[in-house]
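Consider the two complexes below, in which subunit A is the common component and subunit B and subunit C are the respective partners.
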Partner chain A sequence: MYHIALKMLMGDRGKYLGIVMGLTFASLIMTQQPAIFLGLMTRTFSFISDVGLPDIWVMDSKVQFVDDIKPLQDTELYRVRGISGVEWAMPMYKGMLKARLADGTFQTCIVIGLDDATLIGGPPVMLQGKLEDLRRSDAVIVDIDGAKDKLAKPSATPGGKTKPLQIGDDLELNDRRAIVVGMSKVSRTFQAQPVVYTTYSRAKNYAPRERKLLSFVLVKAKKGQDLAQLTKRIRETTGLAAYTSSEFKDLTYRYFMKNTGIPINFGISVTLGFIVGAAIAGQTFYNFTLENLRQFGVLKAMGTSNWVLLKMILLQAILVGSIGYGLGVGLTALFGYSMRNTILAFRFPWQLLIFSGAGISLICVFAAIISILKVIRLEPAVVFKG
Partner chain B sequence: MESNTAVSCRNVVKVYDTGGQKVTALNDIDLEIRMGELMMLVGPSGCGKTTLISVIAGILDQDEGSCEVFGKNLLTLRNHEKLDFRAKNIGFVFQAYNLLPSLTAAENVSVPLIINGMKRVEAERKASQLLEQVGLGERTASLPSQLSGGQQQRVAIARALVHDPRLIVCDEPTSALDHETGHTVMELLKDVALHKDRVLVIVTHDARIFNFADRIAAMDDGHILKVVNSAAQL
Partner chain C sequence: MKTKWLLPLLAIAGFLFASYTVVNGSKPTPVAPAVAEPAFAPYKAFIAGAGIVEAQSQNIAIGTPLPGIVKSVAVKVGDQVKTGDVLFVLDEREHRAVLGVKKADLSKALADVKVADASLADARSLLKIAESVTDRRAISTEELLKRRNAVLIAKAKLQSANAFVQQTNAGITDTQTTLDRLVIRAPVDSEVLQVNVRPGEFAQAGALSTPLLVLGNLDQFHVRVDIDENDAWRFDKNSKAVAYLRGNRQFKAELTLAYVEPYVIPKKSLTGDSTERVDTRVLQALYRFNRDQIPIYVGQQMDVFIEAQDVSNTSNNESQLKPAGPQS
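Showing the complex of A and B:
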């Protein structure tokens, strides 16, 4: 009977394609939109991932997310270093400073100041030059995307193409000279400004004079230390906030979830995809059953039980569901692959497969149920009706 | 009940209730159909012919009276017993053929066997043999849409026969066909389908095929007026 069910389904090519396309569309929306969403949400904390090395981040207790800088006094660094279980603790400056470009215009940059001795917290990838070059006087490292775009030098001929900022070029940060000694590649964040790395002490010189300039204290725990206990100890000793890297990512991620329209926007498009997909696929599948009602009636008259008819319809639903799901997920993967080198955010963890799979299953079960109800209520005597 | 009685209806009443409006389609029907005979039900449109064969075939429950088919009172059967009874004992032929459009002729004919639990390959082999018998040996792989009306009806007859049922019910089997084709179909039913252990009940309007009947039951307005042996007695 299953063979018959499949033949019934695929016998009507047009309807069959219609159902599959509806489900493909729903599955595409339900996979691709969350993938973009997850990609964007990963960006919120990609700076923390980039820094990588430290186990624990110490900061002002009122900090809500990674870009929310509330500076500390330098003395906090020494207090953290004094806590037992701390292998090392390094200062980090993170702030927005105005750079004056060669053509006299200004561009706000994200300036990261690294511990002068160890340079811990530097960019994840150096494309040109070495991180150690930061030890030269006035040295800075800029990120390649910024160098090519926002920090690019004007063309020699008016109206011509701009030239990327290069090693040896200089900038002015708050009226102080900065010489580019390297190019780095950093992960994209929500902040679109160029990223400029320098040493902590130089960053303090570039920054406007303030009493407090220490953004974070980066801590490495001693081997075998329980991180939960160490963060607790740091909190209690200093009165500051201390998070493990993953806790800090979580904090940042939650902040964006709660305080931006991003989740709602994506939630809406996923829901719409679900509803439209359910409507198209459910409707065409139900119509398909309605049009085949006489065939189901004939099978019923000839002695096929409701139970077998139910299984036949379920099989039809599962088949179109699987194909639609496969195509939708495949198209999403293709989309992600073709967008891999663009600024588009995209992240496709396996959990997403389960999410959209569940969505498609729901649509198919819904479509099958309304069809099955119709067939179960069908009187076999209809077969003699004209 | 004599052993050669195949169908026995007693005081059968069927009332359709459509939104408060009641239509008495069968009004106190008594009818005996014997083993090995071809019984025709004739009468004006709306007199209850289709309703009666639906009751006899076990696809419609009457409201009153009893209908025994091969000694079984269909009304007292449980649901699955009734399905099983139909699957094994009844063959259907319809005016509009009612073949499954995406199945080939052989596949269509094999459906009753598959419903009875036979393996597909075996069922289709048997179906092809039967198609040969009804003169469609060349068309086993054709879809219904590729066949003429007469050919489709022959496929439908093969489907009604394939599982060797004891009762075959036909509702207007020739009305969609021209006279000659209808004649061929009736010959097929009489010669191939009918034998001493089988009953054919055929509902028809078509006076030109009355002479194929062993007996004719004339109906009007939910009643059986008379049962006669030949069209001349109508």
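Showing the complex of A and C:
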């Protein structure tokens, strides 16, 4: 019986390809669009992911997301250090400063100031140079994407290709000299600005004069310390906000979800993909069932039960669904792979596989149900009418 | 029937590739390790503060009483100096010239005294001759009076000349004092920590942001710890304290309290820079430690932890909380 079902399905190659392509298309859109969406949203908190060492971030209680810097007094660092359960606490400066390039143009950079002694919070991957090189005078570490693109040196001849920034080159940050001593690889940030790492005290010199400059206090909890309790204790003792890394990521993520149009845009794309996929696949599948109605009628007249017919249709639906789904996610992965070196945001977690799988299943079930209703209501006599 | 298998195979390949992408993409971001292990507190509850190492005598910023060009610097960094040793000398040519003029004035004044002396002797002898005349008719009363007055005037002139000698002498002493003030000497036995003057530079009088010379007694070090005013109430003079060297937490020193400055001051730069931001007030406690324990220099920063009572569950036992702050 199932063999007949498969024969029926693949017999008409055009219809078969039509259904599979509809489902592939739906699956592609339902995977690729959310992947880009997730990629974009991951970028909003990529900085938090990059700073992996501390457990807890302490900041002003009014901070809404990671780029919303409300600086603290320098002494808050020592207040946080004095809380029991804290293994260490380190200062971090994060701010936007203007770098002046050799040709006189200005480029806004994210400047990160790390604790002078320990350099905690440094870039995850160093491509050239060492993090310790930051101890040299006027030293900064630049991220490779920024060095190749936004901070690149202009060519000697007008209209020529720009030269990437290299170790030993200098920059001008807020009228002060900065020497590149290393190249790092960081996760891309949402606004795609170059990231410049330096020490905390040097960052204070680069930053415009302000009364407060401490952006974050990075805290490592003692071994065995319950993080929720520690954040509560920090909040109670200092009156500042304290989040674990994942809480801070959530905070940032929620801010972007609530205050930007990104989720709506991508939500619409995904819904459209679903609707169009459902319409194409559902309609083609229904058409295909209609065309094969005679065969079903024959089978029914031969005494095949409704239950077996139902299983046959389900098998057909599952088969085209799986093929469409596999092709769709495969194409998405291929898309992500081919775009891996571009600025495109792309992130493909396992949840997304399940999400698009569920979407495709829904379409298949929908398509199968309308076909099944038609077959069950079918009178075997219809075969003899034509 | 190749096409029969083509699509399912492609689909399986696609799914596998997607799974590979998922596994590959969900690798956690590598974590940048700390270059140096940060200092951590050996106590359960503690106050943390930044400390700056200073000499026991505190760091003495040497000033000059008079502004001027530096002529010579007699010491170099690291020299041990005794009280009264010359540190540097300012240009004294102008005052030397004044001294020469004043000395010449003195010789002139001394000569003037001699002249006045001679004039007096002359007047006296003339008066004597007149007085020795017995016949009153031989000399007029007017003439006699004139000669008497001449003696008085000569006496007064001699006094004036003598006074001028004194005045000139005082002037010379004044110039010599000025010359002496151009030589800057060590106020105490100490070591030269910093020399910021070089011959030919202009040394400004008054309090400077960069002192001309820094002296300090390095027999024992003190570490000056800033305690945030918000934490000051938890500070207990009798609790233990420990300081870690920045950059290598293997180096630590046990601290003993030397004294507490009971006046809470605006937080000043630990870097010594006069433009550093003043953003809060701090209590400063000074701790003593043995300088042989760790390799350390004056002016270096340390991470200091002072043991304090545990206030992690303040809400439960508010009544047990006693202020540890100002004690007698």
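To be clear about the criterion, the second predicted complex is superposed on the first by the 386 of 386 C-alpha atoms of A that agree within 3 Å, B and C clash if a C-alpha of one lies under 4 Å from a C-alpha of the other, contacts with A are read in each partner's own complex, and residues count from 1 in each chain.
The criterion applied here is as follows: contacts are C-beta pairs under 8 Å (C-beta built on N, C-alpha and C of every residue); 3 or more make two chains touch, one makes a residue touch a chain.
It should be emphasised that the depicted structure is a prediction, and the values quoted were computed from it without experimental measurement.
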**Item:** When both partners are placed on the shared chain, which of subunit B and subunit C touches more of subunit A
**Value:** C
**Message:** Is A:124 touching anything from subunit B or subunit C once the two structures are fitted on A? First, second, both or neither.
**Reply:** second
**Request:** Examine A:10 and indicate which partner it touches, taking first as subunit B and second as subunit C; both and neither are also allowed.
**Result:** both
**Asked** Now for A:337: first (subunit B), second (subunit C), both, or neither, which partner does it touch?
**Response** second
**Asked** Is A:347 touching the first partner subunit B, the second partner subunit C, both, or neither of them?
**Response** second
**Item:** Footprint overlap on subunit A, comparing subunit B with subunit C
**Value:** 10
**Asked** Across the complex, what residues on subunit B touch subunit A?
**Response** 50, 53-54, 57, 59-60, 80, 83-88, 90, 92, 94-96, 98, 100-103, 107, 111-112, 114-116, 120, 171
**Request:** Quick one: which bits of subunit A touch subunit C in the complex? Just the residue numbers, please.
**Result:** 10, 13, 20, 31, 49-53, 73-75, 78-79, 81-90, 115-126, 131-132, 187, 201, 211-213, 220, 233, 236-237, 319, 322-334, 336-337, 347-350, 352-353
**Fill in**
The subunit A residues in contact with subunit B across the complex are 1, 3-4, 7-8, 10-12, 294-295, 298-305, 379-381, 383-386
**Asked** Touching subunit A in the complex: which residues of subunit C?
**Response** 3-4, 7-8, 10-22, 25-26, 28-41, 44-50, 226-228, 230-231, 234, 246-247, 267, 271, 277, 279-280, 282, 305, 308, 310-312, 314-315
